[in-house]
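One structure is given here, and the rest of the page talks about it.
Labels run A, B and C following the written order; every chain starts at residue 1.
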Amino acid sequence: MPTDNKRVRGPELSQSPALFACKAAPVAPQQGPRADGRQRDQVDVRPVFVRCGLVSQAKGSAYIEAGDTKLMCCVYGPKETERKDETDMKCGRLTTDMRFAPFSCPERGSWVQGSQDKDFSLMLHESLQPALCLHKYPRSQIDVNVVVLENSGSVLAHAVTCASLALADAGIEMYDLVLGCSIRQDGGSYVADPSYAEETYCSSDGASDQGRLTVAFLPSLNQISGLQSDGEMSAETLTAGVRTCIEGCYKLYPVLQQALIKAVRKAGPPPSES
Amino acid sequence: MEECESINVCLREFGCEQSLLSRPDGSASFVQGDTSVMAGVYGPAEVKVSKEIYDRATLEVLIQPKVGLPGVRERSQEQCVRETCEASLLLSLHPRSSLTLVLQVLHDDGSLLSCLLNAACMTLLDAGLAMNCLFCGVTCAIDADGQIVTDPTAAQEKESRALMTFAMDSTDRKVLMTSTKGSFSVQEVCVFFCFLLVEVLSMCGSAGGVGHHKIKYFITVRVYRLYVFHSSTAAAVYSSESESIREDLPVLQRLSETPILQKPLTESQNFPFFAILVFYQIHTKSYRL
Amino acid sequence: MHIVCVANANLQLLSLVGPFCAKFIPVCSYRTAEPLEYHRSFLKENCRPDGRDLSEFRTTTLNIGSISTADGSALVKIGNTTIICGIKAELANPTVESPDKGYIVPNVDLPPLCSSRFRSGPPSEQAQAASQFMADIIESSEVIRAEDLCIDRGKLCWVLYCDMMCLDYDGNILDACIIALMAALKNTQLPEVTINKETSAPEVKLEKKHGLTIQKHPVGSSFSVFDDSILIVDPTAEEEILSTAQLTVVTDEEGRLCSAHKPGGTSLSGEKLQECISRATARQKEIQKLIDKVLHSVKSAE
């Protein structure tokens, strides 16, 4: 394994103490109410806390907290394209970067971006692009950076929501906000907005319809801009799942609207000429 | 509280050689005891567009350790050396260009940062880059008894409870850079500072003083060598090179009294570096022959 | 007082651009066009564009233990500058040279998120220098005795990964990093580990946790030198760029210096350095009080 020369190095090998725990960690219950008291088979999303315009250096920024999942997003641009060969004369470029803080997951992550981070970045890009009026920003680039501070499940869905809020806060022209919601299908039942334990839990009985689904949704246009599903689900379950996710998105919508209104009010009226 | 009673000012034997590499625009090696650094500078040359600064040259410093690849420690040393050089170089004379200073550690036996700084200064001088002051680095350690050891070896560094590296400039004799390790009381720094400043000014052969003095001595000898090449009084100067640090002051006086260098070179006087550098560059060719 | 300065500033510009367009140039464009002159006009009046004194720190706020996936965490804000520090503890074998010592691995990251000046990819020189600086502080101040992290001599010890991430870069990250690190270390809870005699495998009791013994409380104070002579404390990102030198002084509660770090720049006299050291000593007391207060409130809330 190549050594990382650009960081302070620790020992070559270290292991999480959880591996040596005497008692196994409590398993998420598979029936009845969920560990955090929410209901199964209902669109019972966690309450979210959203705030816009926290980062002074960024054009636009947003912070979202859903249960213990904490994410932050900053938007820089529109600015000149960094690489001249990629300059598009007619259309702007959107770049997305999503990364996990090393302390964000129960297992310590590495500073180097893994393949999962890259997958998420790509998904984020695909979900956001349809909502942006990129043709209004020719020859320029808009950077979206997301950092996951704490991962407690449904990271991608909340990242989409957070990024679209930050874009709106930056004053980038958009057709609509993009909202994200995810579910975890477990046989006949499902959990909406799953927590980390619910997301990673493996069903032992090998039942069919095991999977995760994340939907990015444009609420006022009533369109889906991004959809990711892992696992194996029948067509009916999938369509039902998508519908559930859309319902979840609508639940988030008023909260985000309020946050944006608050941010605009705080920014105050444009400075008068004097 | 520990008192710093006696300060043992003695530097290890040190030496320098310039223009020993043919490829770089300026090069030098600096040896302090067993610590040895080789340096080369390239530039002013074309700069990458991303690194271009519109009103001055971009200085890049690269430090190569003796073994392995440069890591975080080297990066922090690079930052120290770079910002010190930036303060002393007249970078605005070469806008939109690049200077690259490469420092190769040949052996580390303590006081590495100060040796890097000294090598950097000698290299910049050798390249004939315009500077508003010279600088020299001194490392000192405070050992367990509270005594200050200047220019410590690696073994002394290990035993010490605090380690400080300072860089001083030659014109104002002020602190250009400090980097410390270990904890020490405020008094100890005060003592050290007063000591350093007073000693430098009175030129009694303090750590900083000797450093400067010696660096100047090198230049003088170097220039003198160029002169004597023509005036065929080489013998005296070559013998002066083998003299120890303690005896270099008379050499300098001797040098200043020679009729070739018209003005006497006193320590309080600002050394006419530019003139010398220009002269030096002109004569490099003949010297190499 | 600083309204007067703004007026002055505008007047200077007036003379430059002629009277006809002066009405339409607001203060903010003067700031972008001539940032150095803009700052100088404030410093002349012994104040700064954000209304601070030359020796005044920005408001420092601290939040401890907000990340539940980390073993210890803290979020520090100095003005706009935000640093989050999360500590993850893992088990490893100690080195052969020092079999009774654990590891503390500090790393500072400046992601592209925190400012437009940072690119994604491997850490920049600044981030690397900051990481090394933090490692030096931990080593020289002996915040935690490395022996305390040893579980079984020569076989098992703790590794504390202290990851500091900048979320908003507005200057003076070193001070913020030190505060975040100290607060996070104080917040860290390690599970109890015993070695099974028969299998010689470690056994971790996650429900039994204990804190770390913190030996020292280093606190840093950063200064910027403006125009080779004016010292300002706690510089913002803008001030950092315009200044000619940076200096960070770290002191602990006994008034001992852990570090006086000046990576270069224009020279500074010994007296000025003295000034900085005494300001740093005062700052140390303020910050230690803040950390203790927040920790206390966190404990009483539980």
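Observations on the structure shown:
As a convention for this text, a contact is a pair of C-beta atoms (placed from the backbone, for glycine too) under 8 Å apart; a residue touches a chain by one contact, two chains touch by 3 or more.
Predicted, not measured: the structure shown is a model, and the values here were computed from it.
Between A-C and B-C, more C-beta contact pairs are found at A-C.
When chain centres are taken as C-alpha averages, the shortest distance to the whole-protein C-alpha average belongs to C.
When every chain is reduced to the mean of its CA atoms, the largest separation from chain A belongs to B. The distance from the centre of chain A to the centre of chain B, with each centre set as the mean of the Cα atoms, comes to 54 Å.
The centroid of the Cα atoms in chain A and the matching centroid in chain C are 29 Å apart. In this assembly, the C-alpha centroid of chain B lies 32 Å from the C-alpha centroid of chain C. Counting partner chains per residue, chain B shows two or more touched chains at residues 72, 75. Of all residues in chain C, those touching 2 or more other chains are 128, 131-132, 135, listed in ascending order. In chain A, the residues that reach two or more other chains under the touch definition are 6-9. Of all residues in chain B, those touching chain C in their complex are 72-73, 75-76, 78-87, 162, 164, 167-169, 172, 174-186, 189-190, 193-194, 196-197.
Interface residues of chain B, counted against chain A in their complex, comprise 69-72, 75.
Of all residues in chain C, only 125-126, 128-129, 131-133, 135-136, 139-142, 216, 244-245, 247, 252, 255-270, 273-274, 277, 281 touch chain B in the complex they form.
On the chain A side of its complex with chain C, the touching residues are 6-11, 13-18, 20-23, 25, 54-58, 68, 70, 72-74, 76, 79, 97, 99, 101-106, 108, 111, 143, 145-147, 149-152, 271, 273.
Chain A contributes residues 5-9 to its touches with chain B in the complex.
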